[in-house]
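Quick heads-up: structures coming right below.
Note that chain A is present in both complexes that follow, paired respectively with chain B and with chain C.
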Partner chain A sequence: MIKLMFTAKTKSPEEWKIINSAISTLVDEATFEATSEGISFRGMDPSHVALIDIFWPNTAFDSYQCDSELKFGVRISEFSKLIKRTDKKDELEVSITDQDVLRIRTSGSYKREYKMRLIESSSGSTPLPKLSFNSKLVLSLSAFDKILSDIEVVSEYVEIESFPERIEFLGKSDTGEAMVTMEPNSEGLEDIEVKEESKATYSLDYLLKIVKSVSSVGVTSAIEYSTKMPIRLEFRIANIGRIHFYLAPRVQD
Partner chain B sequence: MQSRRTSEIKEAIMKNWIQLQKTMREKISEKMIVSSPPSIFIGSYSYPKVSIGPLVSTFNEDTALFDHPEEWAGQSLEDIIKYRLSLIRGTNPTTVNIASNNDKLIETLQELTMAIKSTNIEVNFAKEPIFNFDEIKKNGVTDSDSIHYGLASKINDLKLPSGLIVDKKIEKAYYDKDLKAIEAVTKLYNEGIEISKLSKALSIGMIGIQKNRRIVPTKWSITAIDQILSSELIKKIKNFDSVNFYQVYNYSHLDNTYSIILIPDKTWCFEMHEAWIDNTGNVEIETDIEVAGRLRNYPKMGGSFFAARVAVSEYLVQNRKSAGIMVFREIQPQYLLPVGVWQIREGIRKAMRKGPRVFDSLEKALIYACSTMSVSKKEWISNSNLLRFVKNQRRIQDYFDKTQ
Partner chain C sequence: MDNRVDTLESISKQVVNCLLCDLAKSRINAVPGNGDIKSKVVFVGEAPGKNEDETGVPFVGSAGKILEKALREAGFDRKEVYITNVVKCRPPNNRIPNEFEIETCTSAHLKVELQVLSPKIVCILGATALKSLLGLGHMTLYRGKIITRPPYRYFVTYHPAATIYNNKLKETFDSDIKRLYSLIKGENKTLNDFA
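Our next item is the complex of A and B:
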């Protein structure tokens, strides 16, 4: 009998799609870690500007089994290709039965099975940045996407400035300026908490890529930052525990 | 390569020229059988009126090398100039609009351009070709201009041999009158057609949707191809993973020294610096930058920028990597006569092919990159927006909890 080292079942393939798509904004190859508590991923992009921290708890799965801790490395584009073949309503089982192979089984309209060769997993673990946040806002993902896209028309980066009752998004370039103001009654703004007025600048390229990668299923995003410090985005997505995205600021000397 | 004095190079060029004139004068006449590499030249002197014609040689040997920039990297300035001077230019005034021309000469030049090897052709000049100084005298010349300096004369008639062997890929694109120019250029490039060939095909109106086909002056067609191809390559690069370390590539030819620095980055940033050094040691640096894939203005240095961009982006696509890029080009006064942007493209291609020196910090990479040049690191980077961009961007590991 084949001993299953790790099996995780979900009611649909959507969660894996989102996770792959979020990770693919930063890296091509990813090492997941599975424990009895769930699956996690943590990694930075090659220029070490951004970091993704994902924790997907066992309770979020239809069924989950992992007897001992294990790491598995995948090429995200390969993994995505296979997952994309599945239908929305397919139940999905991802398992590892031997060291080198990830098995993906679907049941729905018919039974499908893929085996994907794993790649060497990275050793060592990425720590998390130690941060305290002075400003927090909760935005619907669609509003966030729109604001960033508004700014992107004129600039490659966005300056976010918070006031007790207002958040401003600002973009500047040689050709002109763009500004979006969010106030408590603005559509899409769900919460705003400003302990201390904060101002920091971030690369739009990174922000837009990650926001777009999760916007198909994500609902809201909690945005936290402090003056000249990294920003943290928390995406709230059904059936996935935590997707945190950290991005280091741009600082003018 | 050991540095030579300007006077030595001048002497070598003159010696070649006198020698050439002697051999050519023996054969030259109004009506001749000549060899074409194959090559054509479109002058832009009063656009949209242009002058078109073949470039031909009185040498009966294989003349392919006389117009084959892909083979020229590393050769001496006098050799390159000798190739140029060996070619006689036929000229014929026409307008850029092909449809209104229906010109037999255009068709013949198109067929000639498709030839896969140097070809003997019969030319009939209005009068014996003479030395044409005009284009050199009229303009200050930079590398962005492709000029012809050599003998020229109005051409009355041009006959190709029957059974000319043409390149099937270019021929196919030529007959595909619905294939957009950008798609055709990309397709042919991916099929292995050389960049110098592509620009000729574009210049004589052989590619693109039928109604958009035009005659394009040679110097514009060269930069158009570099620009189109690199834009398409950059689109691919956006999907690739960043290089993992700082890498420096270098190469030197024709008294031009190149250093290319690749910086780990997922976003396409490309900055090029050109330092022109004159006889008295004065340095003038020009810089153009494209940040996050956006070129806001047409580069001040013109076609040099795109020639460099195509060489670097081609390398990154071959290696499936992305990076931020800085290119330093230093031009010594011994570079007496600009020979064309091909020398930038091919010089950088050589540098990339040689492979990198790898560094774990930008500072070390910069020190090494500048060590092969006479302009100091401080001078180079004082103009760099890319560096400011890279330096202003904090890294997430700067905020890791060190006590963990």
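Our next item is the complex of A and C:
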């Protein structure tokens, strides 16, 4: 009999799609860590500008079993290809039965089984930046996506400036400027808490990619930052839990 | 750092002595990449031309002069960046390198170069580099865009040689290099600065 070291079932493949799509914005080779509590992933892009920290608790799965802690490395592009073959309504079981292979089984219209060779997992752990946040806003993901896209028309960066009663998103380039103001009555702004007025600039490329990667299932994004400090986005996603995304600020030389 | 310098030097030696394809038969000199190992950007062109073949140094001919001028005007110092080519030997009559030459040369040399340099951005100069590094055609679709393909980010622009007889392309090329400069200079913070 095959001994299952780890097995996790979900009602659909959508959760893994989102996880893969979020991670693929930063890296291709990903090391997941499975414990009895759930699955986590933490990784930085090669330039160390952005970091993703995911925790997917055991309670979010249809069923979950992990006897002992284990790390497994996957090539996200390969993993995504397999997951994309599945149907939305397929139940999905991901398991590890020996050291080197991830098994993906679906049941739904018919039974399907893939085996994917694991890659070497990274040994080090990635520390989280030590941050305290002076400004927080909660935006609907669709509003956040729209604001960032509005700014992207003229600029590759967005400057976010917070005031007690409003948040301004600003983009500048040689060709012109763009500004979006969100006030408590603006559609999509769900919460605003400003302990101290804050201003910082971030790369739109990174922000838009991560926002678009989760926008099909995510509802809101909590956005936290302080002046000239990294920004943290928190996405709460049904059947996954939370995804944190950190991005270092751009500081003009 | 010493280790990386040594590795890069050994890549250069391998390039100089490389006999992996027929281009080795017609070259005068193989042309390894050159520049600053600490560079945050690596420029990747197509292949050496006549002047490069004669000197063994990349981008020293007329295309090199255009690149150097654009770099200077944008704020880069040529000595502070790293410049290389998809293929390290001159193809006869400056023809476009063929698939075998590209595959052989990038697997043996360019991929290792990029691993050692681990740049913040790889600047793709021209259609051959775009096709070789990302498998993409249609320069006009991608020019001026940042393409994230882990583990690297790529910035796509024209090959400076394409701008020699076309002022409009040259203006675009110059402004692309300026944008690249602001991309690199702007993003100087990393999350490690806040650990």
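Heads up, the rule we're going with is that the second predicted complex is superposed on the first by the 252 of 253 C-alpha atoms of A that agree within 3 Å, B and C clash if a C-alpha of one lies under 4 Å from a C-alpha of the other, contacts with A are read in each partner's own complex, and residues count from 1 in each chain.
The criterion applied here is as follows: a contact is a pair of C-beta atoms (placed from the backbone, for glycine too) under 8 Å apart; a residue touches a chain by one contact, two chains touch by 3 or more.
The shown structure was predicted, so the numbers you read here are calculated from the model rather than taken from an experiment.
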{"item": "Overlay on chain A: chain C relative to chain B, clash or fit", "value": "clash"}
{"item": "Contacts of A:Y246 with chain B and chain C, given as first, second, both or neither", "value": "both"}
{"item": "Which of chain B and chain C A:I231 touches, first, second, both or neither", "value": "neither"}
{"item": "Touching partner for A:M44 - first (chain B), second (chain C), both, neither", "value": "both"}
{"item": "Which of chain B and chain C A:D205 touches, first, second, both or neither", "value": "both"}
{"item": "Partner chain(s) touched by A:T175 [first = chain B, second = chain C, both, neither]", "value": "first"}
{"item": "Stretch of chain B, among 8-16, 26-34, 44-52 or 62-70, that runs into chain C once the two complexes are superposed", "value": "62-70"}
{"item": "Chain C-contacting residues of chain A that also contact chain B", "value": "26-29, 44-51, 127, 129-131, 156, 203, 205, 229-230, 246, 248-253"}
{"item": "In the complex, chain A residues that touch chain C", "value": "24-29, 44-51, 127, 129-131, 156-157, 201, 203, 205, 209, 229-230, 246, 248-253"}
{"item": "Chain C residues within the chain A interface of the complex", "value": "118, 120, 146, 148, 150-153, 179, 183, 185-195"}
{"item": "Complex interface listing, chain B residues touching chain A", "value": "240-244, 263-267, 291-292, 294, 296, 391-401, 404"}
{"item": "Residues of chain A touching chain B in the complex", "value": "26-29, 44-51, 127-131, 156, 173-175, 203, 205, 229-230, 246-253"}
